[in-house]
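Take a look at the structure below.
Labels run A, B and C following the written order; every chain starts at residue 1.
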Amino acid sequence: MSLLEIEKLSLTIGDTPILRDVELSVAPGEVMGLVGESGSGKSITALTVMRLLPWAARATGHVTFDGIDILAASEDQMCALRGDDIGMVFQEPMTALNPVKTIGEQVAEGIRWHTRASRADAEDRARKMLDRVGLPAAQFPLSRYPHELSGGQRQRVVIAIACALKPKLLIADEPTTALDVVLQAQILDLLRDLVAENRMGLLLISHDLAVVTEMAERITILRHGEVMEAGDTARTLSEQLHPYTRQLAQASTHVPARPRTHAVGQDNPLLQVAKPLLQVDSVTRDYPGRRKSLLKRAAPIRAVDDVSFSIDPGQSVALVGRSGCGKSTLARMVLALDGPTSGTIRFRGQVITGKSEAELKPARRDMQVVFQDPYGSFDPRQKVEKLVGEPLHVLENKPTNTERREMVAKALHEVGLSPRDMDKYPHEFSGGQRQRLSIARAIITRPKLVVADEPVSALDVSIRAQILDLFAELNQKLGVAYLFITHDLTVARAITDQVMIMHDGKIVERGRTSEVLDHPQSEAAKALVAAAPDLHRAIARRLQEQG
Amino acid sequence: MTVYLLKRLAIALITLVLASMVVFAVLEIIPGDPARLMLGMNASADQVELLRNQMGLNAPLPARYLHWAGGLLSLDFGRSYTYSVPVIDLVRERIVVSLPLALIALALSTIIAIPVGLFSAGRHGRAGDTIAMGAAQLGVAVPNFWFALMLIYLFAVWLRLVPAGGFPGWSAGIWPALKSLILPAIALALPQAAILARVTRSALIEVLNEDYIRTARAKGLPYRAVLWRHALRNAMIPVLTILGLQFAFLLAGTIIIENVFYLPGLGRLVFQAITQRDLIVVESVVMLLVAAVIAVNLLVDLSYAVVDPRLRSRQ
Amino acid sequence: MTLRFDIPEENFADILVKAFTNRSFLTGFVITIVVAAVAIVSFFWTPFDVTRLIIAEKTQAPSPAHWFGTDHFGRDILSMIMVGARNSIAVALVAVGIGMGVGVPLGALAAARGGIVDEVVMRLNDLVFAFPALLSAIMITAIFGPGALNAIIAIGIFNIPVFARVARAGALAIWPREFILAARAAGKGRTLITLEHVLPNIVTLLLVQGTIQFALGILAEAGLSYVGLGTQPPMPSWGRMLFDAQTRMVAAPWMAVFPGMAIVVTVLGLNLLGDGIADILDPKSRRQR
């Protein structure tokens, strides 16, 4: 007998169909993975079970939880279920907690509401629950406020809230997407343990096939609001009978074809004479510490600590590290958008630190950037022509209007867009197309170095594969060097020759990508590699377990 | 926490000092010799000179400022040119009308606005919300002094429930005095309540879209409980901001409304002083009101820290 | 406090369609146009001449000849309201112009430079905020004497910090966005970025604040004229008309009712217009509906 049974669930919001005939079930103690790309309707499915839908949503079909018809239940009945029998964990831990209430209040609130326990009893139980999710009383008293906790710690609080009353079903909607791989592994472990302890059913929603494979016995693959395939995880993913399943699986492990990988200096002594394109010498960046009182400040925070490295022309280098390790700060300094506290950065032999904007112009011509967020990186008020052509601003001879349009057209063509797109606004493009625009903007001045800050982490897996191909192709064709900043080892493996592992502001390991990822030496690299979900490995493990 | 408080306090003090300089400068550039003004046209040059020396008008500018500012600190605003009494006595006499009026109006507008805002946000998009916000939209557009005239016509002239104007003084008893403040307070409060209700509603609606509201709902709290326990406190910050600004408007509003109702408050004092060119009184009252505005804004800043724990720990 | 807002991503045509299906905007737009038209017409024609005093026709109740009645000098109230509209709009508009013209550059500068510049601008803001419009009017009147020009200056000065704050808050919300970083990486300086990327993205915020301040300006002008610090007789103004009406409330209530309604309708129209613009251009508020 299933705990949760969804049958023929269809849902529309206004006139827009969101779900069609979705079928899904979760048994007690079972982990069901719900996988899909953005817009597939996986979050809406979860909200339907909680009946927390936007008011314009209309659902038909059957959703049965523990014998209760969810779609027909009264709001009072739902309130009794929510937080008591069904708990839910959300994607964004930074905003999921009320900033003006202590974590104790927030965990105890649901307990008091459902059990009518006294304040002291509820707080006692909240304390135990916080201990259980790994927030011990010594460091995390009930009186802590959410802003005093990190993202991973906040997600633990959210899990404590959801599991405080030992629900029969836990719904986790992308619970680790906002966290780095090491935190992700920790949170997934915690969820796995809680499921085992309380024989909870877990509906785990994720876009990441590898994560779901590691966690779930059964899997449901959703696309455009319809179930593509459902069944045993190991079998579904090893057989890949459904074309969409195959497409997803292949995209998740995609490695672009790169016939000529860059010859690395240490492999080929002849090339060592070539001058490095970028040279970073003992760069340090401090941020002033928090003001403790009128005169006292906490010690400065060292975001980047005595970092030195170099990149050769045409070389593709990954900078990998956990969130907050200083990799983005380092990238901004390389781009001369931020100045180091000490140390120098040379680009093509010229020092670029401590220079005025005018002096930087020659360097800016040869150095461009691609950002993570394909939505935030374009001014919505300007047309593509202006946006993609923006770096032309640094050219010595300002191109005429016709020349400019020609250059933009060429750049668009190179990234697989049509020159006709020039007169559109950015919002007329999809996420993947916008990232192509971003790349077009980066290559229009024919730079020697492109710094890419998590350029594919906001994209769906199939789009991600295409963009990685594009990066690889441009590396081959234009000989442009990359500094790829990422927390995702599969991306590093796919696109780079060398990898640098950054930890606590320092570069702790550097070497050939495959070598470092297969045989990590430093603790930080080992932790990253161990925590990184890997689809092949996960499938193999599952098959092995099942014999 | 202390850093935040000290910073806000320092800012308030700086603003106060700058404001006093502005007021003093205005006092300085006004044409006309106050000594001559006090003594009248028939006084001899010697007499005027003597008084100028007495009043400290011949001292250098910074010294005069310090003297004047020092006087303010000890509540010595100088002497009124026309009444020849210390300005502080005039102010003391009048403030017992203006301050209660502003406070009653502030209380009234808050008492009306917050429940209406909660009601509207709770029924977001439904008929109740539309009607309440329509009324608020109208309320925002009504000038308080015209509203006051209409109230006088309705309640004083027509229904004869309350006096049309004047103030019997607190010595006449609490009730008669309060009775004559009712209409002015309503006239001041309702347009402000309309603004506050709109702000409360939109702040609540904004907060209700936050992720943590969904977390609270997922705990099983009903919508009402979420509104009261989670949304209201988070929505307080914009509401407090407006409340602070409103106090300034209410003070200014009292000045006008006192003229409508012939209330012997600071507003009447200022206008009489303007017509009589009794500038020291004008400047003193302006300075007093400016100080009140700054003090209230400081209070608002401090109350942010009470509402929002993030402010308590940050810088 | 930080301001959060979504930048609308639409074409002009989409926005027009939305504008003319939005009830608030449409109502506000029509009222504003009508008021503006009345003000313009008053330059060429009014039912009666407002400068001629006909004592024989004083304080007449509304009639087919005088729709809104006459005042204590026998002047036609409707005609005076028409001329008063001109006056109200002019004062409020110039005051908004002063506020925007000085406040927006200051706010944008504070956001772009940060640090000490920001601090100085904000402290000046606090200073001006401490003098509500009426207080600055009282001060200015104390120096220069009453008059419409002083009313404009007083209201205008008070508008400066309002626009500076809105512009600063809006710009601060734009500056951390990635497209600004991209523009910096493309070698653009702060001024160019402010002009090309920041200001165009906060125009809607400023527009909404502009209609609000316009409405407040009309209220403030009426208030100042009512207490005799604004427009001086014989130039008709709505506030002054209400002052004249006050002592004659019992005998001639129409003298108070109609000018007041003129203010209410005008301010209501402007506020609806502002709400409408905010509604149309802010995707967040649309999602809520």
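Methods note: contacts are C-beta pairs under 8 Å (C-beta built on N, C-alpha and C of every residue); 3 or more make two chains touch, one makes a residue touch a chain.
Note that the structure is a prediction, hence the values are computed from the model and not measured.
**Student:** When you check each chain against chain A and chain C, which touch both of them?
**Tutor:** Intersection of chain A and chain C contact lists gives B.
**Student:** Could you let me know which interface, B-C or A-B, is made of more C-beta pairs in contact?
**Tutor:** It is B-C, judged by the count of C-beta pairs in contact.
**Student:** What is the distance in Å between the mean C-alpha positions of chain A and chain C?
**Tutor:** Computed value for the inter-centroid distance: 46 Å.
**Student:** Between chain A and chain B, what is the separation of their C-alpha centroids in Å?
**Tutor:** Result: the chain centres lie 50 Å from each other.
**Student:** Take the average of all CA coordinates in chain B, do the same for chain C, and state the distance between these two points in whole angstrom.
**Tutor:** 22
**Student:** Which of the residues in chain A end up touching chain B in this complex?
**Tutor:** Touching chain B from chain A are residues 50, 52, 75-76, 79-84, 87-88, 90, 92, 95-101, 106, 109-110, 113-114, 145, 147-148, 158, 161-162, 290-294.
**Student:** Touching residues of chain B toward chain A in the complex: what are they?
**Tutor:** 2-3, 6, 210-212, 214-223, 225, 229-230, 233-234, 307-310, 313-315
**Student:** If we count contacts the way the header does, which residues on chain C are in touch with chain A in the complex?
**Tutor:** Contact set of chain C toward chain A: 7-11, 177-179, 181-189, 196-197, 200-201.
**Student:** Which stretch or stretches of chain B touch chain C in the complex?
**Tutor:** Residue list for chain B touching chain C: 11, 14-16, 18-19, 22-23, 26, 29-30, 124-125, 137-138, 140-143, 145-146, 149-150, 152-153, 157, 205-206, 209, 237-238, 241, 248-249, 251-252, 255-256, 259-260, 270-271, 274, 279, 282-283, 286, 289-290, 293-294, 297.
**Student:** Which residues of chain C touch chain B in their complex?
**Tutor:** 1, 123, 126-127, 129-135, 138-139, 141-143, 215, 219, 222-223, 226-229, 242, 245-246, 249-250, 253, 256-257, 259-260, 263-265, 267-268, 271-272, 275, 284, 287-289
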